[in-house]
């Protein structure tokens, strides 16, 4: 039972990090219908900046610079590349982000070399106990911060016209422009937000119990993709729920690996995808995604 | 109108013929490395042309291609390979390689048909990522099913031969043309060229005829297609069949080009590379897929081969940028540049060189959205 | 009725008590009427009355909640769209649903789908059978394009054609299936008066030359009253009138629900103003 | 009728536009819209009507079109290089051709989107109420996905959405498309109504009866050039307009043609 | 293909492929941009430094300097194999091939080309190919050694429960086979947990081991996971020794929040001595490069030194053709690298050594201190015989 609770808590905290990244996918998708493949390298960039700067300027300043820097990088990509390709097939834009991702990833991998960079969180490897179950402070904070950020976006979408502007711009840019929606602005803000979210996710993804910044954390973003899909790619709430489901499923599959060993060792790795496919078979647009309706 | 179209067709024919002649003569002049790279490119072209039928022509976004390649490759090594393995033992039927090749193609096709009902429920990016699930599940299966796959490190692939003519291994019977001995690399080159040409020819015929038109209309509007008498589900299943048969053949050639197969090779990365091929090449056209495949599969190698001569490159071990990192930068940059200047893919570039009129909705709208691609019936579409 | 020589296999169409629901919305409510073989039968009614929904039922895109549609002896309801297409029911869409990147001929050749047989193998290998078939049907399709005044645009991608021409391609594609029953949904929307007249003419030609049944949905009353043999009027999913053009035009219910005063240029008569200010 | 002496809200001078540098869509167009007037713009398919509106609203470059020469002045200042969002903020609002509603948004969200460009936020709620009054069917369908509306309902939504921004100059591209006759009459009335409230209107129409009925002046565009212009009532009497746009005289052709045998016919398919 | 283009040099040594004048070319198939980039960079750096020093001094046979052709495959099998074909005509032997699947894929070609090759890995299956020159004990032997050391030192007892976290694949399964064999000998039980190289958070895995009540954690993973395992174990109060194969450790781990836990509990078996035994190598390396070196550096030196000795032997035998080099490798007997690596003896199909260095993590230059000299577990002999 204790193991179960512990796995559950751990899964939720992991899921909170996935949710942050998934929300980045969702926001860019909402604003442009592009699925970005850059979240991984943005996350890495954010974590790298924070880790490199926390020694000279202290953790909090480094965190601020890292988040701003990552957001700036995302905005730069949007301004220099994405915004100039308005009207291009979205699938081409997705491939473009792969190219950019490769460049950033290569450069940061080169800079990190064989080191494992320590981010220097003030909470270090501390742990807290919730209901008798231990969890690192880092992860507990991740849950709180993800909850706050996602809640804020949920409210922003619900009670402002920002969400409508984004979805309108994504569906038909020209018509949206004719409504006075500033396409460049909508898209830029979306990328900026995705950059911020990636950096925040990177901040927590590289804290205890993960050792620090290695190029491998790039792959965390990969696990967040099924989370975003499962929740529904255009749903803020879906990003949260999807992230948590994937987080918990992953933790459970790892923790109860003997019980599912009949499916083959290492089955845990495919669990996120199995969960996602199962959900999609029942709900083809994810749990909370907008259903696809057309008529003639 | 038809005058100019026969003229362009003539030009196209001449260009293709010239290309074929060059490709036929190449083994007489270039080194083995390039022939091997060429063979890998041929394999990639076959796979990309198949994927393009599915994604570009029919609008079914699939990232499962790596899985179908794996089915083809593994079936080949199992059917034509011998039992063996030291640490991990694996089985094999040891049948003639041509049997293995055909079996690989058929099994991959079968896998595609089995997947198509799932695919039929999903659309756009949801289909894309769900199909990615197949890749992960497939890799897990291969890692677990060691008696077939040889486990994590994989197993050797038997060399190909056809009626006693060997394409690898023993190089028999001995053959030399114009004084150039035709060894494994040369022979494989021709095998790849022949299969690739056949695959491209078949696909372009398909696109220009009844099934191709039906598939394109399924992409543009499923409802319209079905009202015109196209059985949409059946066609989707069929295109999955054909596309994964192409993937299966590509998988067999992939095994031959590496000489071994390991589950790890058939990863998400491979699927994404195939998608990049057809997008960078230009969705919907056979020539585009071929160009994209050459671009994606050969460029990293070419760059690595030559980036050493760039001025700012340091020897491995020195601080700075080493050749392979430069190659990665250049490759990433090349992808960005292609999309920036030809969002519709390299095929658009070729077309521009030919200065043909350019229809406004050139690149078929494969959207990653949940909605059917550019469905005019959704009411919001302009005329 | 005209002097048309009917195609022998053209049958009467019977719509029997058809109801279509979308949640609480009754898009069609117990609608019944029948269409004589070889007639031009118009279906009119206000926006949202259920005309396109009726077409969606006839072509199998929507399932009925209740009721039945019969084409001769064949029951259409419950069949898939492609099965209905094989029975010779063709449709031109209200919102253009062509393949924009394909040429006019290629779009029309899709119409030949049900009449041709080339499969993946024979087409991919360019077997003689497939090639001959392709040639024969291409020739026919060019005739049809010619007939719809598209003769000089055969190899133009339809995406660059003007709206009017695209509408013509829609009609031509439906004709290319050699239908027994042709459904036209607003074929002259976006056309000016002269072009409308030409399209009206074409519809009559189709009926007369091919001897098939045409069901026409259109808001252009000039055209409808000019060429329809019979008119059914829908309002809020219900059939409110059915008769000859003259009868229907005189029906007060139809005037109230649909036609308005008839003189649109006189703003005082239009109900609009009243609506704007008197709706509670 | 409007007074012709009003200062123009819009002046188009010698405007030439090409697409992709090759297709000459407009070849020297001069058009004036007087402050507070309704101007109709007629022309057959491909004449360049939509192109003109795109130039005004700043969306031309989204279609790879370019202004080659000439100039456009809106309320005294040049529109050159002004982006669509600025145009809307300045009160220049276009209702695009072919509906272009946001099919995945609900009806109400579509209207909200239409109001995003309005400078004065307080006008949004009353504007929305007014649209619902004009088209009660939209009010019934507030929460329905717009893509599921019937063709005509979508057209009503498109027009309603355009009204949400509180335009000073409204550009309407074929608003009557796919609408029932009674609603077309209603649209004509709406145009007059908003005009009375101070909005100038440039109306592109195929339905010349309606357009000439509500317009003060009219222009006819023919392959990229203005071929006819004048007060709407006068233009309605001209031969060309009568024949091509009002359909008078068409009936005769229609009746005569089949017997004359000049029309192409189609033989039955035997196989 | 040139066929047998062998010639004889002035001093009577037969030479062929891969020797041009006084220069021997060696190939290197490494990973500088993929998942093992960190390891690949260190090995590559070290080897470059080794040859640089050698070329400036004694050279091979007093005559030949060494030139490297380094290719980066980014851990992509297909690319690795294509890159092999790009240089196989130009190199005499290969001093480094990272990636088990790539080594497996190349096996046939290595045999056909008589290409002596030093894999950057220690899997049992690699020893089956005569050309492969595995520098160190196999993963199995390593794991037995480190567990035996813990038993010897009283850190664990007979009948203990071993929790083993391991990678999918040959590396992980090799380590697991070692601990399973060891457990059998000592009445122990193994709880296995498989992970993927991409996993970074080990909470769930450690939680499982904790609930199973294990007495020692064996790990066959990569450094990132090591830190996570130690950190989570410490946080949850699972204070047991951690026994690892050589690739589990990197000195950079000491800067992570898990640093203290690692210093307290981690024991690693390694084919190469930690830096505290060879401070001169660390110094030389740090003079040239500014990164925090891992044991990959020691391995790079050791591998280069083994290659040098084989080439010297071949030269002495008068045959520096590939076949000559292969023959030299097979007949060289025990190779002593002067205490960089364990003593090696190459017999096809067998672990080249039974010994390992055992070290603990510590805040010293190089991040590790040896806790014993060469260590050979009592059970290793039995394991090697039992096959």
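Going in written order, the chains are labelled A, B, C, D and E, and every chain counts its residues from 1.
Definition applied: a contact is a pair of C-beta atoms (placed from the backbone, for glycine too) under 8 Å apart; a residue touches a chain by one contact, two chains touch by 3 or more.
In this text the structure is predicted, and so the values were computed from the model without any measurement.
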Using the contact definition given at the top, which chains are in touch with both subunit C and subunit E? A, B
Give the chain pair, either A-E or A-C, that is connected by more C-beta contacts. A-E
Would you kindly say which chain has the C-alpha centre located farthest from the C-alpha centre of subunit D? E
Just the number, please: Cα centre separation of subunit B and subunit E in whole Å. 36
Approximate Å spacing (C-alpha centroids) for the pair subunit A, subunit D: 44
Which integer distance in Å separates the CA centroid of subunit B from that of subunit D? 48
Could you list which residues of subunit D touch at least two other chains? 96, 98, 100-104, 147-149, 151
Going by the touch rule set out above, which residues of subunit B reach two or more other chains? 143, 221, 223-224, 325, 328, 371, 375, 377-383
Going by residue number, subunit C touches two or more other chains at 52, 61, 93-95, 97, 163, 190
Listed in rising order, subunit B residues that touch subunit E in their complex are 32-33, 36-37, 40, 86-87, 143, 151-156, 181, 183, 185, 254, 257-260, 262, 264-265, 269, 300-301, 304-305, 315-319, 322-325, 327-328
Residues of subunit D touching subunit C in their complex? 42, 44-46, 98, 130, 133-134, 136-137, 148-153, 155-156, 174, 177-190, 192-193, 206, 208-210, 212-214, 243-248, 250-251, 253-254, 257-258, 263-269, 271
Give the list of subunit C residues in touch with subunit A in this complex. 52, 56, 61, 93-95, 97
Residues of subunit B that touch subunit C when the two form their complex: 1-2, 5, 202-203, 205-206, 209-214, 216-217, 219-221, 223-232, 238, 242, 284, 359-362, 364, 374-379, 381, 383
Residue positions on subunit B within touch of subunit A in the complex are 61, 118, 121-126, 128-130, 132-133, 136-137, 139-141, 143-144, 221, 223-224, 268, 272, 275-276, 279-280, 283, 321, 325, 328-329, 331-336, 339-340, 343-345, 363, 365-372, 375, 377-380, 382
